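A, B, C, D, E and F are the chain letters, set down in written order, and residue numbers restart from 1 in every chain.
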Amino acid sequence: MTHSYQTGRLNLPFTGICTFAKKPYVEDWAAIDADAAILGAPFDAGTQYRAGARFGPRGVREASTLFSFGHAGAYDHEDDATYLGSDVRIVDIGDADIVHTDTIQSHANIETGVRAILAAGALPVVIGGDHSVNIPALRAFDDQGDIHVLQIDAHLDFVDERHGVRVGHGNPMRRAAELPFVTGLTQIGIRNVSSTARDGYEDARRMGSDILSVRQSRALGTQALAERIPAGARVYITLDIDAFCPSIAPGTGTPSHGGFLYYEVLELLQAVAQRHEVVGIDLVEVAPDYDPTGSTTILAAQVLMNLLGFIFHARSECGNR
Amino acid sequence: MTHSYQTGRLNLPFTGICTFAKKPYVEDWAAIDADAAILGAPFDAGTQYRAGARFGPRGVREASTLFSFGHAGAYDHEDDATYLGSDVRIVDIGDADIVHTDTIQSHANIETGVRAILAAGALPVVIGGDHSVNIPALRAFDDQGDIHVLQIDAHLDFVDERHGVRVGHGNPMRRAAELPFVTGLTQIGIRNVSSTARDGYEDARRMGSDILSVRQSRALGTQALAERIPAGARVYITLDIDAFCPSIAPGTGTPSHGGFLYYEVLELLQAVAQRHEVVGIDLVEVAPDYDPTGSTTILAAQVLMNLLGFIFHARSECGNR
Amino acid sequence: MTHSYQTGRLNLPFTGICTFAKKPYVEDWAAIDADAAILGAPFDAGTQYRAGARFGPRGVREASTLFSFGHAGAYDHEDDATYLGSDVRIVDIGDADIVHTDTIQSHANIETGVRAILAAGALPVVIGGDHSVNIPALRAFDDQGDIHVLQIDAHLDFVDERHGVRVGHGNPMRRAAELPFVTGLTQIGIRNVSSTARDGYEDARRMGSDILSVRQSRALGTQALAERIPAGARVYITLDIDAFCPSIAPGTGTPSHGGFLYYEVLELLQAVAQRHEVVGIDLVEVAPDYDPTGSTTILAAQVLMNLLGFIFHARSECGNR
Amino acid sequence: MTHSYQTGRLNLPFTGICTFAKKPYVEDWAAIDADAAILGAPFDAGTQYRAGARFGPRGVREASTLFSFGHAGAYDHEDDATYLGSDVRIVDIGDADIVHTDTIQSHANIETGVRAILAAGALPVVIGGDHSVNIPALRAFDDQGDIHVLQIDAHLDFVDERHGVRVGHGNPMRRAAELPFVTGLTQIGIRNVSSTARDGYEDARRMGSDILSVRQSRALGTQALAERIPAGARVYITLDIDAFCPSIAPGTGTPSHGGFLYYEVLELLQAVAQRHEVVGIDLVEVAPDYDPTGSTTILAAQVLMNLLGFIFHARSECGNR
Amino acid sequence: MTHSYQTGRLNLPFTGICTFAKKPYVEDWAAIDADAAILGAPFDAGTQYRAGARFGPRGVREASTLFSFGHAGAYDHEDDATYLGSDVRIVDIGDADIVHTDTIQSHANIETGVRAILAAGALPVVIGGDHSVNIPALRAFDDQGDIHVLQIDAHLDFVDERHGVRVGHGNPMRRAAELPFVTGLTQIGIRNVSSTARDGYEDARRMGSDILSVRQSRALGTQALAERIPAGARVYITLDIDAFCPSIAPGTGTPSHGGFLYYEVLELLQAVAQRHEVVGIDLVEVAPDYDPTGSTTILAAQVLMNLLGFIFHARSECGNR
Amino acid sequence: MTHSYQTGRLNLPFTGICTFAKKPYVEDWAAIDADAAILGAPFDAGTQYRAGARFGPRGVREASTLFSFGHAGAYDHEDDATYLGSDVRIVDIGDADIVHTDTIQSHANIETGVRAILAAGALPVVIGGDHSVNIPALRAFDDQGDIHVLQIDAHLDFVDERHGVRVGHGNPMRRAAELPFVTGLTQIGIRNVSSTARDGYEDARRMGSDILSVRQSRALGTQALAERIPAGARVYITLDIDAFCPSIAPGTGTPSHGGFLYYEVLELLQAVAQRHEVVGIDLVEVAPDYDPTGSTTILAAQVLMNLLGFIFHARSECGNR
């Protein structure tokens, strides 16, 4: 009968310090005690067109307050379910330290953060930053057993090396495919011209990638699409916001028309969360200053909140961890 | 052969004083003589995230000039019909007086405006302001017979009371359901987490609401959706612009992804206008300054113009008033 | 094995002078030697609501750099094809000289540019400017044999004359229909009220136009839609960016909700390029300053790049020129 | 003791229809009965860089509501004076009809409006539009006796003819100097490179212009500056918003750094209003969409309101009309 | 030799959680242990034109990170002083809880926060929100001894009551003057027309206010201006960001041209901090979303950081507390 | 009598390809034949707050078209001089190739460009990019004899090393001071807190810097300020756009209030150009996307155009080359 609104604060979205979803801030990375932990990775020196993803963590945190009404969990009338109730403990551990001009050190700091989360037994949720932050994030999984990478993105990001660049935002999936504990990649939403040339596609397929465009994904439908991921695989999800149509995600560095609409991604994520153990998440390439309406950061926050809800709902239903 | 363009002014959209659709301004609320009257309700102190809906009336009026080319009515080639010909008399009665810091008085002034329109036998069309302006607008119908409320919105807005708040923008549908002359509510487009918790949904259903999400509405299709409204009901339409996808309506206070696209709402409105007597309209939560492209105000104006066209076309066809 | 990335410059999109797709600039219009030539037509005095299309050529050129990664052609994994390889020679010939306050002279200068391109045997690609620039562009085809005009647009643009105006952006399709060498028009995407009144529609149909709304086009599907164009016709494509939904093309003068989504237009253009000889293109009404996200210019560039790819791919496949 | 706030409406700035300063709208130009009349001249086809001044009248009207608190006049504590009390009757007569693509007709319509105001014995206040609207505005004074033109502007606007252009926004002061009833020009604020070349400056001086830069004006000080205008002259003031520093007036087509600050212009206008009969005003080149902060339109409205206050205060003090 | 940069994090401005100046967040208002405490007061229902000041605290916190380089204090080479060294303990206690539609409760919550800070013996620094938040902030000083109020503002804010409104953003200085422990007001920067009419000025002077415009302040100079405040007075500073010129502070609800430039206010604040005990601060009316450049929030943060530096530098120099 | 406007094109600012000032583009860096050459250096990975300076060259080029009216030189009525006549040959050599994630290589490419300009005997004018691009630009002068560096900037940029960073945008002046051929630095405009701590100031003074704040510079006046530079020195000018007040230059990464106004910098540059041989220029930190009004890029272009005018005017007057 009584819930949090009857006591304490009304806590409207526009009030208060912006941690992710207004969750507790844990400054000491040795003291993480949670089911999931948010890490900001505000690095954008890996971008090839517009920068600004360094403000991604800050922007997504701000937008996440819109979904933090202070209820005891988020009731979804379509699913008739309450997500992220008080039993799910989420913390925000702040940002990895970024060193301008130094990609190597910045990436190392991100890797340190993800390792700290994993060491605490929590689900790492990395908010980029550009897609290159996926490289150190995945590296941190080297003692976590085999994983399958689900990439939702406009771009293949499978460039091996060009002009010496191996860890920019055009390279992460190639780097992922090279990791011994990555058993395969499912790359969804890939479309139009980008920094990956034909040989990159050939390499990807040869190294075990399953590549699907937006139209190919639509033709399959959510269930068939989800079934492309090997059964039983433990899944790491890397979500580039430019996978979405620029109509809802214009605030990004390299927009590409013809992207996914909201429910297409949401339902895929829900299906994956129901069928697989999700072991890690990154959401990258949100550049808030290119979207004065705030739609992009709101989308990122809304997707992350729902995905976390799906994951922990599935865990509680199935005890599958 | 000759029409208004041959004589008088060319009257391009960017010229002239911005009343709604450049219709006559009637300052004296005792002298309304029209089929429909526009009332601005620039109140936004009921918002829980971004404000700015106070500029909704001004923004929608400005955008409406784009659809005011000065023809003798608006020809629609898809319907092969001319809407809003010279036989439909629309006036703009300006805005209700708003008193900052005083929600009660501001709402009372809005109610006064709607009562004036009803007293003149005209269709009230209220442009918000936040969704709380629906509360005084509906109150003005207490001597108008039974009505059914059709809400098109992202949010259920069915909070009873929290921290003493009963007339904010999270409360209007609860307040509507309590009115003796409101026989039922159809709430369409409702999705994702918001200020209404699980108990609000339960209350709504118990008090006679029919709640449908965007995906549920799509699954039904326009006709089945329209048939959810009881046959013969006299309908009041309250349209929150955030019912639409943020891709076309980012200029609002609490955007929610996964909303309706344009034709989905347009066709529902057309079906309702054909099947029911529409007795009142409000369109709320347009916050123009959050959309520098102007898409949101243009959408609001385009929808309103078409809805008015449908209503008066139906009236002239059926003589159903 | 080696491609342009191994040698020379990395040439990231944000570097370098903004010609269209970073293609060579040919200042001397008597020295065009190319398969296609881009001409900017930055004239916007023909607009009836928001101006700003004068910055269309500049904006589209800037956005086109995003698609100029320097590969030897653009690989499309969905089509498994490489478009716009080094065999396709595209040049940018800069802009027609515009004389403010003087529509006649400005139009004449645009016509001169298109004639120069045609004289060189290249495909003219005109970037507007408002839709009135289609008028001089088409005039330049008076010695090129019969053509069919495919218009993709929200508005019919078929006003004959009003207040003396015959060459504004509401008139081009009427002017086109009057040309002896224009054998017919297919007008797709037309919707809602605009500057063309009922009599304009009647005139259009009488003069041989096939008019289809967005919803009518969707009901037909891409193939049936493409088949509305007479078989064997040599086609001139005029694409008004407001044919698209404002969600992806808000940066335009007279947005109209309910427009096409990306693939709808892309697939139609691909079908047309495969079935017909495309003899000229204009893309108009991009007003970049009304879209701070850049989505509109990116859309324009992405569509143009793909359309050019389709055209020259079809030419190489079929030898149909 | 009682004033308008005690009765009637609170009338906050964000409420109500946007006429200039919420003054009465007079649609019938034969029925003007006022001391001053506002005419919008939303023509911007005369611009040489950014357009958008067509929305100047609309933007300045909107901003003027900020200064329309509903007091019985505006009390200025620095002057200890109440300006624009109920004895000063100001009306808004809407906009001149603009015909796109047709500079001649558009200018003629502006001239008609100014003539109507003059015929009514009211002070014409024209809100542009680009600076070319000064040309028809001044033409309307051909039966009003001799006048001196005070131009406050960044640019000399003294081009005679180029490529046939004689009535663009680079020409008005040349056209003014040619008028037999214009006895001289004082051109203040002129700086940096623009469309007027050296010969234009020489022509201007030969035809009787007094040209002063911002720095020269500052060195003189307000009083000496005001004294450059011949004693006893009846003065027409043409104020290009780009006379101001872009820091406060970025919303214009051709910004030029190094412009005037607020009090510099305000005090000059006050001095001129005290020393001369002001017979007409235009304020031009406000392009609101280039200033998302609204500073530029607020500046234009604030300057106009104060200037009108100074003029009618001087008239009431001196009976000098 | 070693400073904070050699150890720990580089901590670039764009990283990390946005508390004010990245200072510790103290959620428990009973546990404040600091020299100064920041309280957000995101209430903007008291505004009469543009809202949006509810995002003031969030915006100022974000901007303050630009001045948080992690040095051991901020070295100022002009003063050859290091401000805000590690000896000055500043904390951020988050925001007062705001209840939409309820001005009374929202104000009460702000008062509670200020009382908590005062109870802890810390300097309260309130970030608005609109200027009405000054009303509860000052009320909290009822047991703190006599204070003098220094207002720096464009507007007098001395309206007694209108339409029942007594606690809107046009009323705070009247409410302050009524408080028994407020011994006088110095009101600086006041200019142009606003919601305070002539009688408000007369009341203010009668109740002990010293009113100075920007020009009057400039004529006096910093020292003479500072000396207008009674010697020995304990001073509460209320700084409305619209005191500044819109050129540097456009992000506010009711901009007024002719405001102060940066050093004018900075030097006044420095002089006051040197001559008086500053007992409380509020900085109000920052509406970040109206300034896409971020200049306004950066100004607010820069002024606050410097003012705090001056205050604690003076305290350490003089032991004057 | 005849000038360029009588023949050829009117060439309005908004037409044509955007090279700097619409000057010829020289793609082959071995074929530079000019008095001055523009090089873009779109590198911004050295920034510590907002990125976006990578679009500086593109933005400044676009804005420079406003000052390219096609006259035979730019007539300045204040100086009664025509600057940059046809005798001054300026070319644009495009941008240095930038390699994302690789600061070393990107800087090396910039150095290559400057060396190419110097080898051609032309004046190098580098448009950044962030201030770190000054590091390779100065390195290219190692065979050019002794130079004095005039920095106009808000920040000292004299950090030696922190977390390994030695070539970020906080380091360039330290790196400059270390160069054997740099005989001294004059650092003007330095103010407020930044990344340089107290020890950086001490190092700078010890290594021969003359540091002056904005207020100190104002107190001296232009002539005395210019005389701080050693007589006879050959001067390299590095101008960080944030030296200017954010009121006119908000489009930058780390704005700092209290900066220079336009004429202060202009007159200093004019004095320096008259008294010294200027051997190189860079203008950095313009981040166009943070200023939707365009004021910042217009300022950068206006200052560069004038500076070039002053330099070549001085050369022609004095034959001092």
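Keep this in mind: contacts are C-beta pairs under 8 Å (C-beta built on N, C-alpha and C of every residue); 3 or more make two chains touch, one makes a residue touch a chain.
In UniProt terms, the chains line up like this: A, B, C, D, E, F = Agmatinase.
Source: prediction; values computed, not measured.
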Number of steps on the shortest touching-chain route linking subunit B and subunit E: 1
Chains in simultaneous contact with subunit C and subunit D: B, F
Fitted rotation between subunit E and its twin subunit F in degrees, CA, nearest 5: 120
Chain centre separation (subunit A, subunit B; CA means) in Å: 37
Distance between the centres, which are taken as Cα means, of subunit D and subunit A, whole angstrom: 55
Multi-partner residues of subunit D (at least 2 other chains): 10, 12, 14, 48, 50, 54-55, 99-100, 163, 165, 245, 247-248, 290, 292
Pairwise touch network: line, ring, star, complete, or other: other
Chain pairs that touch, as defined at the top of this document: A-B, A-C, A-E, A-F, B-C, B-D, B-E, C-D, C-F, D-E, D-F, E-F
Parts of subunit A lying in touch with subunit E, wherever the complex brings them together: 9-12, 14-19, 25, 40, 42, 54-55, 58, 61-62, 92, 94-100, 292
Subunit F to subunit E touching residues, read off their complex: 48-50, 156, 162-163, 165, 190-195, 197-199, 201, 211, 213, 215-216, 245-248, 250-251, 254-258, 290-292
Subunit C-touching residues of subunit D, taken from the complex the two chains share: 44-48, 50-52, 54-55, 99-103, 105, 132, 163-165, 167-169, 289-290
Parts of subunit B lying in touch with subunit C, wherever the complex brings them together: 3, 5-6, 10, 12-14, 66-67, 69, 71-72, 74-78, 82-83, 245, 247-248, 262-263, 266, 292-295, 298-299, 302-303, 305-306
